[in-house]
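Should a chain be cited, it is by its letter among A, B, C, D and E, assigned in written order, with residues numbered from 1 in that chain.
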Amino acid sequence: MNIDLLYALKKLPLILSYIHVTLWISICSMAATLVFSLLITIIRYYKIRVLTPIANAYIDLFRGTPLLTQMFFIYYGLAQIIPLFREMQPITAAILVLALNASAYTTENMRSALESVPRGQTEAGLAVGMTDLQVMWHIILPQATKVAVPVLANDFIALLKNSSMAFTLGVREIMGEASLVGNAGFRFFEAYLDAFVIYFCLSKVIGLGQKYLEKRFSIQGRKA
Amino acid sequence: MNIDLLYALKKLPLILSYIHVTLWISICSMAATLVFSLLITIIRYYKIRVLTPIANAYIDLFRGTPLLTQMFFIYYGLAQIIPLFREMQPITAAILVLALNASAYTTENMRSALESVPRGQTEAGLAVGMTDLQVMWHIILPQATKVAVPVLANDFIALLKNSSMAFTLGVREIMGEASLVGNAGFRFFEAYLDAFVIYFCLSKVIGLGQKYLEKRFSIQGRKA
Amino acid sequence: MISVKGLKKSFGDLEVLKGIDLEIEEGEVAAIIGPSGTGKSTLLRCLNFLEIPDQGVIRIGNVEIDAEKYHRKDVYQLRKQSAMIFQDFCLFRNKTILDNVALAPEIVQKKSKDEMRREAMQILEKVGLADKAESYPSTLSGGQQQRVAIGRAMALKPNVLLLDEPTSALDPYLVGEVLGVIKDIVREHNTTMVIVTHEMGFAREVADRIIYMDQGHIVEEGSPKQIFTDAKEEKTKQFLAYCKDVK
Amino acid sequence: MISVKGLKKSFGDLEVLKGIDLEIEEGEVAAIIGPSGTGKSTLLRCLNFLEIPDQGVIRIGNVEIDAEKYHRKDVYQLRKQSAMIFQDFCLFRNKTILDNVALAPEIVQKKSKDEMRREAMQILEKVGLADKAESYPSTLSGGQQQRVAIGRAMALKPNVLLLDEPTSALDPYLVGEVLGVIKDIVREHNTTMVIVTHEMGFAREVADRIIYMDQGHIVEEGSPKQIFTDAKEEKTKQFLAYCKDVK
Amino acid sequence: ACGAGGSSSGSSAGGASGSSSGEIEIGTVVVGIDGTYPPFNYMDDNGEPTGFEIEMIQEIGERAGLEIEFKAVPWDGVFGQIESGKIDTYACCIFPNEERQEKYLFSREYIYDENRFIVRTGDGSLYKTYKDLEGHKIGVAGGGNSILALENLQKDQNLDFEIVAYNNENYVNDLALGRLDIIYKSPVSAFVEAKSLGVGFEVAECPTVESASCALPWRKDDARSAKICELFSKATQEMLDDGAMKELSEKWLEMDLAAYEPLI
C-alpha cells in the first residue's frame, strides 16, 4: 500500500476530465440552493401563513433523512407516479435533489444569521417608512450576510462533495471516477489521492470566495 | 418498484437492531466535535500564535476533502506508518475521523456565531476586570450559542448521517444494514424506506433539542 | 395633526400605557417629560406602530388606525407621515453616514440618488459631520451618532417628527445647534413634533406645550410657562422640584 | 492615583489623542468636558486599556503600563483597579439585571454568591430598580439601563471609577439621585473618579476639578469655579458661552 | 465492488422463457456494470469498461444481433436503474438466489464463481475445518448473499466467529494489514487484488459453504426485457456449447469456470 505517486499523477488527467460534471452539478445546485433557501427563509422570517408550516415540514423531511434515499425515492420513486420525472436526465435529477437537500440545511443557517441582527435595525428601517421587504433587502440581509458567509461556505463545500452522490444515478463525476480507477488496479490510495487534491483545490476556491466576502461585508470599527 | 410496505415493516426490527451502533458513533463523535471545535475556535478567536496557522491549515484540509478519502488515508494509510493505528478498532477510527471532519466545519460556524456578538459585550466584561477567558465563558459564549444552535444542530444531523461512512471500515450500522437487507432480496426501496424513517426520527430528536436550546438561549425583549 | 384615543399597552403583566388621550395641532411642538420608565418611549413608539398598542386609535394626518383591526398598508402609510429619532440612535450599521441619511428618501420617497447625495451632504454639514460622510456608525463618538440620527430624520422632511431624547449625548453647544435646526424646520415646513426629553431647559426653549407623564398616565399638560412655574398637580410639582436649573 | 503621560492614540489617519498628560489624586473627582468627537471617550477607554494607546504611560494605583511594551497580566491588574460606565451602557444581554450587577464581584473578586445577591439587591434598590431584578436588559427603558450600568460599576467598589456620561439618559430627579450616590461613594470609599459629561450643572456639582478637552488636547484645567466663571483660554470660553444654565 | 456470490443451493428453473412476440422493438441493450470488480468488469487505463463480463456480453450481443451499451452504476443505485428502465440488466456476477428470482428474470448462468476462505500466504493449512474458523474475524462483501451463507454456517454448526461486512474492497486491505485473518471472497478477484497490493494470499483448506454461479437479471412483467433475456440465454448456451466461454474464462480468470451445468 505504498503510494505510487507516479501512478497517481498518471491517472490525474483521467479523473480530472470529469471535473466539468462535478462543477456543473455543484454550481447549478448551489445557485438553486441559494435562491430556494432564501425564499424559504423569508417565508419563515415573516411567518407567512400556510406556507410556513409547509416550509417547516419540508425542512424536517429533507434535513432529517439520508441524501442517498432522497435521490432514490425522487429519481426512481417519483418516476413511477409522475411521467415528467421519467424523462428527466439523471444529472438534472441529481441537481434537483442536491438543492432540495442543501436548502433544508441552508435555510436554517440563514434564519440563524437573520436573527442575529438586532431588532433595532429593523425598527429604524420601518420608522423611516420602509416596507418589510425593503428593510430586509437594504438593512437586514447585508448585515446577516456577514454572519452567514462562513456558514454558507460550509454548506457549499458540503454540497460540492455531496455532488458525488450523482454517481448513484449513473452520472460519472470525480469521486465516481476515482473509485472506478481505484478498483481497476486496486490502487485506491492513488486514485483517492487524486480526488483528494482536486476537491481540496475546488474547496479552496470556495474558501477564498468566503474570505473575500467576509472582508467585504465586515462592518469596520470597534462596535461592529 | 412498487414498495412492499409489509416487507419494509418486517425488516424494520432487523435494521433497527443496529441503532445502537449508529448512536454510539454519532454521540461520541458529536461530543468530540463539540470539544475539539470549541478549542480550535478559541485558538483562532484569540489569534494564539503558532497554533492559529496550524488550526487554519487543519480546517482547509479537513473541510476541503471528501470524508471517504479521509477515512481511507487515516485508517489504512496511517496504519502503514504508525503501528498503533493497526490495533485501532474500526469504530474508534470512524469516530475519530468523523470528529476531525465535522470539527473543521463546526469551528467555522462557531467563529461566525462568536463574531456576531457585538464588541461592546466583550469590552463591558473586560472593564469589570474579567479575563479574556472569563468574558468568553460568561458573556460571549452564551450569547453566541443562540446564533450557533440551529447551525450546530445542522452539523450534528449531518454527522448523524455521515456516521454511515463507518460501514466503509466494516462497521455495520443502520445504513449499512439497510443496504445489506436491500441486497439480500434486491429490495432496496423497502430497506431504504426503513433507513429513511429511522434517520428521520433520530434527526427529529436533534431538532427538538435544537428548539429547546433556542428557546432557552433566546434573549427576551425587543432589542434582543 | 396627531390624535391619540384610549391608547393602552402592556408588556406581559406590566401595564405601561394605561389609556392615553392626546391631540397635537399641526406645527405644534409638544415635549413629553416624566420619570424614567414611565412609558414615554413606549408612547412614541406606539405613534408609528413600532410597538403595536393593545387598544386605542391613532391618527396622524389623514391616516387613522385602530389597534384592534388594521391592515399592514395602513401602518406603512402612517409611518410615511413621520420620522423618528431613537433613544439609542439605531443607525444602519451596514451603511456609511452619508447613506444613513440618504437611504430612506431615495427608496421610500424615490428621490434621485444624485440629488439626495447633495442634500445629505448639506444636512451633514448642518450637524457638523461632513468629514465623517464615508465613515461607518461604529466608528463615531456618541454625540456624532446622535447627530447622524437627527440628520437621518431631517432628510425625510416628514410632516411629523418623533424625537426620543434627541440631545442626550450632546454637549450644551450642540444642544443649542439642534435647537436652532429644530426651530428652522418648524418654520420652513411647519413640522409637528413630539419630543421626549429630560433636559428641562431644552424643553422650555423648544416646546409650545409640555406634557407631564407618570406611570402610564398623562398627569398634566400646559404651556411651558404654566407647567414650570405653576404646575397644578402634586406629582408634577415634585418632579420639577429637582430641576433647579430651569426654575 | 491616576497618572497619564504622553498618551497618543490614532484611528487610521485620524489622530484622536495628541499627547495627554494628566495627574489625578486619590479621592479626587475630575470631570472632563469638551465638544463632541474630541476624544473624551477615547481617553477614558485608554485608561483601562480597552483602547490600546499608540504611545504613553498609564498608571493607576501601583500598576504602571507603557503602551509600547506590556504584558497581558499587567492589563488585567490595571483593569481590576477600576470600573467603567459606558456611554452606551453595554449591559450583559444574556444576564438578568441582578446578574449584571452581581456577576463581576462574584467571579473577579470571588465574593460569595449569596452575599453578592443580597448586596446587588441593595444596589438595585438604591437606583430604584429592585422590581426589575429578574428582567433582561433589552426590556428596560433607556434610563433604567443607565441605572443598571451605574449599579454594575458600583458593585465592584473599585479604587477608580471611570464614568462616560453617566446621566445622559436620566431625568433631573435621577440626576440628583446619582449625584447623591456618587458623593456617598467618594465619602465611604474615597474613590477616585473621572467623569466625562456634557451636563455642566452636574459637572459643577460633583467635580473637584474640571478638565476641558478640545481636538485631542487638554486645553485647560482648574476648579469648577475657576473654569466656569473665569476660564483663561479662548476656546474654553467659547464652549462655555453656550452653557447658559450654569453661569 | 459489487456483491459477488450467493447462498447454498437453489431450485426452480432460472433462465429465459416467458412471453415473446416477434414484433417487439428491442433497440440498444443498456448493461449496467459496477466497474470496480476486476477481472470481471472494471475500467481500463482510458476509463473504458473491460474484463471478462464485458467481453462476454459483447460477444453475446454479436451472436444475438443486439446493440450493447455499458454504463457504470455503483451498486447502491443499481436496482432503481433497472426498475426505472435506465438500464436493462446489471453485470456483476450476480447469483440468482430464490429471493431474487421472485423479483427478476435471470438469463442462463454463465460461470461459477465460488467464494472461498482466503488467508495470507502460509496460513492456508491453519484452517482445515470450519471449527478452525472460530475466534477469528471473517471479512466479507456486504453487497451479496455470501454474508447470509456465513450466517447460516454460523447458526447451523454453532460456530463462534465474527462476520464483518464491507461495502467495498477494504476487507482485502484489512487482511493484508493483519486486522483480519480471513476473508470470504472469490479467489479469482482476491488474487488479482493481492497482486496489485504486493502481498500474497492463498485459499484456506477448509471447503466453501456455498456453490454459486453468475447470471444477468432482467425486469419481470416487461415483454421487451423478457425477449432480451431469452436471446441472451440462447447466446450464452451457444457460447458454453462451442467453447467460447471456456476460452474467455481462461483468458481473464486463468481457469475454466464456465457454468456447464446450471445450478438453479
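To be clear about the criterion, a contact is a pair of C-beta atoms (placed from the backbone, for glycine too) under 8 Å apart; a residue touches a chain by one contact, two chains touch by 3 or more.
Labels paired with UniProt names: A, B = Amino acid ABC transporter permease; C, D = Amino acid ABC transporter ATP-binding protein.
Please read these numbers as outputs of a predicted model, since none were measured by experiment.
Novice: Out of curiosity, which chains are bumping into both chain B and chain E?
Specialist: Of all the chains present, those in contact with both chain B and chain E are A.
Novice: Average the CA atoms of each chain to get its centre, and name the chain whose centre is farthest from that of chain C.
Specialist: Taking each chain's C-alpha mean as its centre, the farthest from chain C is E.
Novice: Busiest chain-chain interface by contact pairs, anyone?
Specialist: A-B
Novice: Roughly how far is chain A from chain E, going centre to centre by Cα mean, in whole Å?
Specialist: 37
Novice: Just the number, please: Cα centre separation of chain D and chain E in whole Å.
Specialist: Whole-Å distance between the two chain centres: 82.
Novice: Between chain C and chain D, what is the separation of their C-alpha centroids in Å?
Specialist: Spacing between the chain centres: roughly 28 Å.
Novice: If you average the CA atoms of chain B and of chain D, how many Å lie between those two points?
Specialist: Distance between chain centres: 46 Å.
Novice: Residues of chain C that contact two or more other chains, please.
Specialist: If we look for residues of chain C contacting two or more partner chains, we find 88, 139.
Novice: Taking each residue of chain E in turn, which ones touch at least two of the other chains?
Specialist: 76, 80, 83-84, 173, 177
Novice: Can you tell me which residues of chain B touch two or more of the remaining chains?
Specialist: Touching at least two other chains: 1, 72, 76, 80, 120, 123, 188-189, 222-224.
Novice: Where on chain A does chain E make contact in their complex?
Specialist: Against chain E, chain A makes touches at 1-2, 14, 17, 68, 71-72, 75-76, 79-80, 86, 90, 167-170, 172, 176-177, 179-188.
Novice: Per the contact definition, I'd like the list of chain C residues that touch chain D in the complex.
Specialist: 11, 33-37, 40-41, 87-88, 128, 139-144, 147, 164-165, 168-176, 198, 200-201, 239, 242-246
Novice: Spell out the part of chain E that touches chain B in their complex, as residue ranges.
Specialist: 3, 75-76, 79-80, 83-84, 99-100, 102-104, 139, 142-145, 147-148, 164-168, 170-171, 173-174, 177-179, 217
Novice: Within their complex, state which residues of chain A touch chain C.
Specialist: Per the stated touch rule, the residues are 120-121, 123-131, 134, 138-139, 142-143, 217, 219-224.
Novice: Write out the stretch or stretches of chain C touching chain A in their complex.
Specialist: Against chain A, chain C makes touches at 45, 48, 50, 76, 79-80, 82-84, 86, 88, 90-94, 103-104, 107-109, 136-139, 152-153, 156.
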